[in-house]
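One structure, pasted below without further comment.
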Amino acid sequence: MTLSGVIPPVCTPRGADGALDRASLSRLCHHLVNEGVSGLFVGGSSGETALLDASTRLAALDVAVEAAAGRVPVLYGVIETGTARVLEAARPAAAHGAAAIVATVPFYVAPHPAEVLAHFEVLAGGELPVVAYDIPSATHVRLEPSVSIAIAREGYAVGLKDSSGDLAGMRTVVEAVRGLPFAVLTGSEVLADVALELGADGIVPGLGNVDPAGYVRLYEAARAGDRAAATAEQARLTRLFGIVDVADRTRVGFTAGALGAFKEALVYRGWIDSPSTWPPLAPLDDVEKKAVHALLEQYLGRS
Amino acid sequence: MTLSGVIPPVCTPRGADGALDRASLSRLCHHLVNEGVSGLFVGGSSGETALLDASTRLAALDVAVEAAAGRVPVLYGVIETGTARVLEAARPAAAHGAAAIVATVPFYVAPHPAEVLAHFEVLAGGELPVVAYDIPSATHVRLEPSVSIAIAREGYAVGLKDSSGDLAGMRTVVEAVRGLPFAVLTGSEVLADVALELGADGIVPGLGNVDPAGYVRLYEAARAGDRAAATAEQARLTRLFGIVDVADRTRVGFTAGALGAFKEALVYRGWIDSPSTWPPLAPLDDVEKKAVHALLEQYLGRS
Amino acid sequence: MTLSGVIPPVCTPRGADGALDRASLSRLCHHLVNEGVSGLFVGGSSGETALLDASTRLAALDVAVEAAAGRVPVLYGVIETGTARVLEAARPAAAHGAAAIVATVPFYVAPHPAEVLAHFEVLAGGELPVVAYDIPSATHVRLEPSVSIAIAREGYAVGLKDSSGDLAGMRTVVEAVRGLPFAVLTGSEVLADVALELGADGIVPGLGNVDPAGYVRLYEAARAGDRAAATAEQARLTRLFGIVDVADRTRVGFTAGALGAFKEALVYRGWIDSPSTWPPLAPLDDVEKKAVHALLEQYLGRS
Amino acid sequence: MTLSGVIPPVCTPRGADGALDRASLSRLCHHLVNEGVSGLFVGGSSGETALLDASTRLAALDVAVEAAAGRVPVLYGVIETGTARVLEAARPAAAHGAAAIVATVPFYVAPHPAEVLAHFEVLAGGELPVVAYDIPSATHVRLEPSVSIAIAREGYAVGLKDSSGDLAGMRTVVEAVRGLPFAVLTGSEVLADVALELGADGIVPGLGNVDPAGYVRLYEAARAGDRAAATAEQARLTRLFGIVDVADRTRVGFTAGALGAFKEALVYRGWIDSPSTWPPLAPLDDVEKKAVHALLEQYLGRS
């Protein structure tokens, strides 16, 4: 398994019955693979994983693995507060076809960086390779660059998914892990071109659900050294990313606004059936949906 | 079930084999009940619940229920990031003997207060009564007083465990829920006397593992209107609470330092066998353990 | 000078010409003294001091000193980012009649607690006694209780104005400074009764501009040991304090909403002429003003 | 005046008498100009401006203006909590030879973005052009990209000094202000090459005091499109920037550690006489100074 290219954190469609909409998820995964992504990341933040029970999370993994059909690897996110919980949630992943797990730092608790490192040391004993997941906006615990570097040097993980927003920190990690079997993936939707130039191996953009071909073009342009093309794609995608801000924040939280917009866009594209998010996230209203559509009409790339 | 008195968030002893030390937990629960607590809260933050897998959490519940033997109710904490996860983790609790669940707000995600309320609305449909758990230092999401009040008015929960540190907010809730079947429990170790004076129904102090009789005396003095006695107990307990600060924070995180100190104190008292905390928390060193002992020698109340 | 009783942080009226409205300030100060306050605190956060230039700040001091006419001491707030700036701003205060300065910790910079202590050591060399001002919601630097205690023990200051919201910390300071010439003043509008019970010497409530007699009654009841009366006053004042939340926060910041409400209330009482706040704070709109009036009609105490 | 190139935020040397060391500052400014900087920024965060009184700040401006001798413009930082304070502190700047002021958002208070915009509208009425200064790590108030864009469109300022760390936000501003007379300067020491590629007009690195020639080479390489050369300079400078982390943070604050290291490096280079920082910042100890020297020996560029 090579961690590179575009690996979207796949949205988790919810059916009218309040359960996983397997058909929509399968359709979405097929579209993503057909548009050229290098992997599927099921169980990430964009997948509303923090809001799903265990059987739904595994069912989503099953659907993605079946849809990928070996064409691309499927990564499985494990958003859990502690070490034993990660191990427990990760245990069935290999049998269900995951190629690696993507695990957060411990959160809710307040760990010391040395304890974060110890966490990944334990996780390294699991069946699957681990990608360390740094998303302090959600966990409120930073995976410090120095800890990521130690993880890479000790071989506790095969990569980092960096959603910290700290590009200087990512750069430090990229330079320190050069030559090690350790991939650095950026979670940024709007600095993907820059992250690639700085040496990131791949990108994991939530917006990649909506416009996978755009991110693939961006990635390939960057790899080919065609900076102008990468920047132009990025500029368009950044405008498209405006959909995460259309929701009225006096009514819905940021997560609901952003993920509701991704799902509304996927409905618009015909890739999933319903924009329904998982409880307790509130839905977009009609005005907000229209604002999503308007941005899609203006900025969605044509494959 | 009445939610009042002292309901300690029970520590979760870890054995030399890295598994739940059932004998120690049972002994601890017996001591707590014998010293007069009104309930046992298994699965709270002091129980390192965020670091335990599901079977360990349920095993701890089993031990506590057996030890309580009907003398006091056992509450079961459900520290989970989302609604479906709470429902899933809470599902077996009734059959295992829990009297109520204590559930956090959604975290990791960034919910709007209206989404927090919707979360508790869903939880109200579960088998057991719910106590809402406000601990923003851990979740980084506040359960706003206005939401707690709405929860009480709608009957979504039977109480609030307030570990917010916001005594003014707690007071607002206390006054607004007067007459409703809704208990307010403070999680404060050091303002328990004040919280009781302001109308809190009970206290849920982590330090109550170590000195349950002291908190029981404090509670009873407060209930009897003997402010001087309550204050004197509080003053002693506050000094004893200094054990949470003995750890060298350049080496271990706050959680490890505080919970390691509680466990070291329980070993000192002979109530559990080992101060071992759950991975990835680092242990106290010998100097720190001696500092815990010194504070215990000076400030531990004698039953 | 004794630091006790009610010492309101006096609002700074702004005239139609955009300059200090001396007549209104003088009228306000007369009302405050006549209603029984123990001192006037000019230059605090409620006085919008961070938004005033030096000559306006000193002019406000002059007006207050003249209005106080020796009946009560006038404290002078010095909200400055660094030690030399505090010394500079404090220098003229004695000649202008201030009895003490109230100085923040260094902010904008990120000081170590030992550097905060060193700051107050230097300030102690000034002409006037110093009250240390802890308001981390504004400075984003905590004056740690341990540092306040060191300040008291070293004699660097004669008191603490505690607007931290950390009642447990205040209690620690109160107990540690017992017997020292060091007063602890709470800045809380809504826990003033509790703070007094815990040993605070006085209260510095922004809402004391609007209802000084209420806070004086609360203080005297607390001092007389009449807890029921103190609590009843507090309950009413807490409801009145709702005026700080009437503003639409999608339009104005918290500071503008709260201080605009205080000023609107003072206009309503006839104590100042205009609710104008200092640039760049936005004014309340008519709907918000009416909401302030409604709360005043319901909850303003009659002298 | 063109805002481009390298404009270091000049350190403010402190003499053995505790006053401004004019000779050292003059020497420093001469070195900076001789090494090719495009401007001098006196009164910035690296100049410890928050810790200096008004006369020292103006004296530093005088020395810099005299040293610059018209070869480069001198910008004057105005770190003040409110609008009137900025106007007051900026008033003498033109007469003292400043080419522009660099003004923070209001802080200490909690302004709404619309109030931040109103602040700069007022400042635009002053004598000198304004550069808006976004440094939320110090002010704890963000100058939102949308507000910077509005400032540019309204002509309230001639530029932005972006020390937010938010490269995506900077990029948004750069793209929105294209064609407007509005320069974007990054305050980043470690992403200067990236910021320039993204369209920043210049760089304002605190480390530029220590290695101005390195940043000038970086800037010129970036302008010439020689990405490899820019990146190589950046990599070396990033390693050199490690000096800000040598201090023991259990003993000194971050500001003291970073600025003390800059000054120690300037002493090492012979450009100033003493590493003394301004009260209440604590000095580096000998071990820390040696660590600074070691990094200088390894990574300091030779002119």
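Annotations
Order of writing sets the labels: A, B, C and D. Residues in every chain begin at 1.
We take it that a contact is a pair of C-beta atoms (placed from the backbone, for glycine too) under 8 Å apart; a residue touches a chain by one contact, two chains touch by 3 or more.
Please read all numbers here as calculations on a predicted model, not as lab measurements.
For the copy pair chain A and chain C, the superposing rotation over Cα atoms measures out at 180 degrees to the nearest 5. Relative to chain C, the chain whose mean Cα position lies farthest away is A.
With centres defined as mean CA coordinates, chain D is found 48 Å away from chain B. Rounded to whole angstrom units, the spacing between the C-alpha centres of chain A and chain B is 34.
In chain A, no residue touches two or more other chains. Chain B meets chain A in the complex at residues 45, 48, 50-54, 56, 79, 81-85, 87-88, 106-112, 114-116, 118-119, 121-122, 138-140, 249, 251-256, 278-282. Listed in rising order, the residues of chain C touching chain B in the complex are 165-168, 171-172, 175, 188, 190-191, 194, 197-198, 235, 238.
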